[in-house]
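There are structures below to look over.
What follows is chain A paired twice: with chain B in the first complex and chain C in the second.
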Partner chain A sequence: MPEFQLKDSVITSLNAQEPWPDNVKLFQPYEVEQILLPDNASCLAVQAFLKMCNLPFEVEMRWNAEFMSPSGRVPFIKCGAFVVSELEPIVQFAANKGVSLCGRLSTEEKAEMRAYMSLITNVLVNAELYISWLDDDTYNAVTKVRNSSVYPWPLGWLQTRSKRNAVAKRLKALHWQEKTLEQVLSDVEQCCNSLSQRLGDRDYFFGTPTELDALVFGHVFTIITTRLPCRKLAETVRRHETLVSLAKRIDEQYFKRP
Partner chain B sequence: MASIDLDIWRGEWGLASIDLECLKVLTYMKFIGVPVRVREANNPYFTPKGRLPVMRDGRNVLTNFEEVVDYLKSLHYSTDVHLNTMQAAEASAFTQYLRDKLYPAYQYTWWVDEKNYSDVTRPAYSKALRIPFNFYYPSRYQNAAKEMIDALYGEHTDLREIEKTIYSEAEKCLKTLSDRLGESEYFFGNRPSSFDAVVFAYLAPLVKAPFPNATLSNQVKGIANLSRFVARINQKNFRHVTDEYNKQNAKKHSTGTQSDKEAANFPNQTRNKILAALFAAIAMTGYAVANGMFQRWSTWSWQRTLLLNRFRIAKKQFDKTKKLKAAKSSDNPA
Partner chain C sequence: MGTVYAKAEPGESEVGGGLFEFEEPIELDEEPIPKPTVKLGGVRARVDRVHVDGLNRTKDDIIKSTVDDLFHATDFEDVILRAHKVRRALDSMGCFRDIGVYIDVSSGPGATPEGLEVTFQVKELSRIVGGVNTTVSENEGNLVVGVKMPNVLGRGERVQAEYSMGYRSSSNFSIAATKPYPHKPLVPVVSATVYQQNHEYPWSGYRLLDRGLLLDLAFRTSPATKHNLQWEGLVRDTSVLSKTTSFRVRESSGPQMKSLVRHIVSVDRRDEPIFPSRGVFVQFSSELAGLGGGVAHLKTELAAQASLPLTDTLSVQASGAAGVLHDVFGSELADRLYLGGPASLRGFAQRGVGPQHDRLATGGLAYWAAALHLWAPLPFVPPRAGLGGLFRSHLFLNAGCLAAPEGGAAAWQALGEARAAAGGGVALRLGRVARLELNYCVPLRALPADRAAPGLQFGVAAHFL
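Let's turn to the complex of A and B:
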């Protein structure tokens, strides 16, 4: 049995005492030539979360990160004997080590935070997937090229096709495939509205940084900084100034390049 | 605004409708108190998307909850006016949260779990549907649900593993919901909102339907304030449905004779007999045809029959003359 099948309770009892090791590695695809919009957003969110927690980690880029990940999705971290993928399990994992950003929130606030995180994973992630894989312009000009760039010739074509089918199937199951681009954008608009209304004029959603801020940062920052043939998504998000300034603030504070 | 028509799946077990989407719309309309003519549809074949509910108001045909809420809002019917912008944002976030975490578990309980499907879901939907459709729609909806689970949790993962993940996520979600509700009467203030309708529609079927594998139902029933919430809304808005159901149930219990019980255990007995006979007849005929038992029929023609008849007549004549000759020859020597 591979180690990732261990359930929460087992992980808790196994690693509660051990502190956060120094040699934690975060695996993700190549940022410059390979990574796609949705993956980049989630990688950035996890990085932001780890930096907010002050947990040291190294980013390691692998062309096959997706296939190394236990859940099939990037990013994942390797921490001692454990391999944990995606934001939510990583948050859980850090909490088991005694590192948590939402410790002082009340139960209602925690409930609210979870709800907003679901809002992002349901709306923004699906919108990113829709734009990257189902919007023909973006698919042909960006997604196809980048996704197949790391494979030798016939494999790249095949892999891209099969991945597109998988994404289409997922979106179909969630009733997103039948939407038009306008409907997708209006959903995004509504989601951003909710977020910016919740944020108001505070610095962070709940006063201090939480994983919700990390998640919002990951998605908003990636959407507004990625150049795609379809500009409408970025324009829709950019209209919400509070969210953009939140993303910029987090970028300056945690990702200051030397 | 003469009258709004609403087609829904029929109810069962004291629910106004067995279907999640129908129940959302119905509950919302009850909250508003908008005049509506509800019809229990018996086939979704002629609806725009092959699904129920369908709301008709003049030329407007709407098929999902969000559209209905928006449309009614445009007619100045809304339950959400008392929410401020932040609460509205929170409501939409929580709606997505339920959709993200609870909806897969709901679909799993209703459609993917084989025992629940064959014991509860399929009979319930078959009862609501008319005859040729009841063979088609339940399995179609089941396939859709299975595809959704496949797409979300990976195709090659063990189903039991998926089940565990889904139910543990749902449990967390229900816990969160219960924390959010606390001891208040509704989620936002003391008046119902569209989010309350959504929560009620998710939880009520889980509480009422008698599932054999009731993991999720037991989770809901185990949380006191959520089950009180369901009972409260049910009492306020669907009292007549529940009362009727209880009355029927009581009647059945008091006057239930042996034959009644048998009929209840095996509904549509006559129909099934006729179908079985029909099936047997078709199978046997098919077998006969396949084995060439009707080959003479296929080569039969008028000309051949006439020719054969002529031969027969000729042969008869021949026999007659032969007999006569034989008689003569036997007569002569004597």
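Let's turn to the complex of A and C:
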């Protein structure tokens, strides 16, 4: 359940001036048996961002990470007394501590970056939600099993059903529910097109790694590496080789330690 | 043996009466048993007929077996006593109001020389009774809408629904169906309840949303001994109250399913439940969770109370409570034991004793508490009459400890760190179920982590330490 209180956010920004502590923990659902495609993408994006910033953190997996999170979405970090969830607030939180990846970008570039980030949340995230919860094959074979894996019967069934309703309601409000799979895939295709056009043949979108790279990595890497009954989403994304190679590059550089 | 005439005057049903009359029916205990000035014990008498007037939908068989007792009377005094008992039994069925008893010599064909006729004049409760009221609890005000259907199937069955809405968008509801078996051995009562409950615990920083089903079998093995066997299955959703709530509390959020069996036995030999002056009350409850669901534990709690009159108006009361929780897996904050507050350990804030995390109570695994009271009527007010009967004043000394011990010798040491408080105040009786206390408390011994509450403390509860 989201809780936003003015007092809380004022306290957060006042106290956030201290340097980044060593005992920061990132909370997310169980990777092997529980996590779903959209959650995995955002967890990976946050991890990539923190690694790009060279901020130390430890990953902790909890079955109830989603419910522990102040916004109801994963991942979230615990930094001293603060809990901050999702990529953008975490980016803001790090910036308050003087750590930022886009410090040398001009105002226009920053605005452009924001635009691409919201393109991703508006298209890729919704497409992931659509595939996971509204595509019957994926829902029955993967989402249902994984989402209810941490609950005893019949709580798993109840939880999965209520979450499916919540996701359907959200997609309906965004006019995604009535789309066909083909329409969803063509939206994804367009989104990937504009991303790969912006990327061109550079290593990163703005020369050096930014949170946009982290976000693209999170989604692209998760989509191409997650095995689902519906392979069309992965195939669509895989056609954009520059994005795939960006994801592989970030994976090599930040996640593969000898 | 005589004859029972039930359903004497049909058409006497009343509509719409009893609205807002949500309480249990008439209190009969106050009524003194008629004391004969003439010695009635020797007057031979037998009951020829019993009439029950005003029956409409109540089934005959249940009335017959209730009044059957009257036919065994041998003298007049016996008839009166048994008639009184039958009246009480009819009342406890919860189907009638205004029960009148008339005894007359029998006449007409078949009348015997010592024969009597007993007539019970009853009014059935209407088919559906509703009520709207407001309540104020510690955290919020509620609007409660209730509907009760007494005597649905004609044998004392009851269906009761209640919906309450708080201004903080919390909504609670419960639907309960009850079926008594007044003539079976052990007088069992079976009931089933479906409920949804929303409750905030600001002392611990969490909010619970419980949805569940409770099946209950109540029976008595002696007039004073009551047993409840229960099965409860519930899904509870824990969430934190604010963004700055301690992480220890945050960790326990999320939905959990719990399935448990519970046995409660209580022995009540007090002269009255709210302000007892003599007698003993003991209640022992044990709860085994883990038959399915994600929470497994064994929880036992004991509460005892003994009162002894010193003089006509003064009485002394000793009470004690103890509880142990043995966690197997999955027990979270809501399952743990807490101590402190106006109804438990006075002189401390609600849940103010024992393990705390960022000033939020996180509960313990074992506790004990004891209290000693000296009860007296209000000074300068006649103790029994009018208002004086509603109030008592008392001096108290209470002590207790809550701990989350690791086991072994450390456990005993942790439970030895007693907290104590003393004080005095006034108590007001609220009906026959609850009382209200206003006390001035002086904490005598507290640990630095405890939240002591010196000064005035106010509490409402059904059961006090």
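In this text, the second predicted complex is superposed on the first by the 242 of 258 C-alpha atoms of A that agree within 3 Å, B and C clash if a C-alpha of one lies under 4 Å from a C-alpha of the other, contacts with A are read in each partner's own complex, and residues count from 1 in each chain.
One rule holds in what follows: a residue touches a chain if its C-beta (ideal position, glycine included) is under 8 Å from a C-beta of that chain, and two chains touch if they have at least 3 such contacts.
Fair warning: this is a prediction, and the values are worked out from it, not measured in the lab.
Of the two partner chains placed by the overlay, only chain C lies in contact with A:Asn64; chain B stays clear of it.
Using the contact criterion defined above for the overlaid structures, shared-chain residue A:Asp201 touches neither chain B nor chain C, since it reaches no partner. In the superposition on chain A, contact of A:Val83 is made with chain C only, not with chain B. Contacts of A:Asp136 after superposition on the shared chain: neither chain B nor chain C is touched.
By the touch criterion stated above, A:Glu182 is placed in contact with neither chain B nor chain C.
Within the superposed three-chain model, A:Tyr151 lies in touch with chain C and out of touch with chain B [touch as defined at top].
Residue contacts after overlaying the shared chain place A:Glu252 against neither chain B nor chain C. When the shared chain is aligned, chain C comes close enough to touch A:Gln159, but chain B does not. Touched by chain B in one complex and by chain C in the other are residues 5 of chain A. Considering their complex, residues 1, 3-5, 8, 11-12, 62-64, 66-68, 70, 78, 81, 83, 151-155, 158-159 of chain A touch chain C. Those residues of chain C whose C-beta lies close enough to touch chain A in the complex are 235, 238-240, 242-244, 247, 250-251, 253-257, 292-294. Residues 85-86, 88-90, 92-94, 96-97, 99-101, 144, 147-148, 150-152, 154, 161, 176-177, 179-180, 182 of chain B touch chain A in their complex. Here chain A touches chain B in the complex through residues 5, 72, 107-108, 110-112, 114-116, 118-119, 121-123, 166, 169-170, 172-174, 190-191, 193-195, 197-198, 200, going by the rule given at the top.
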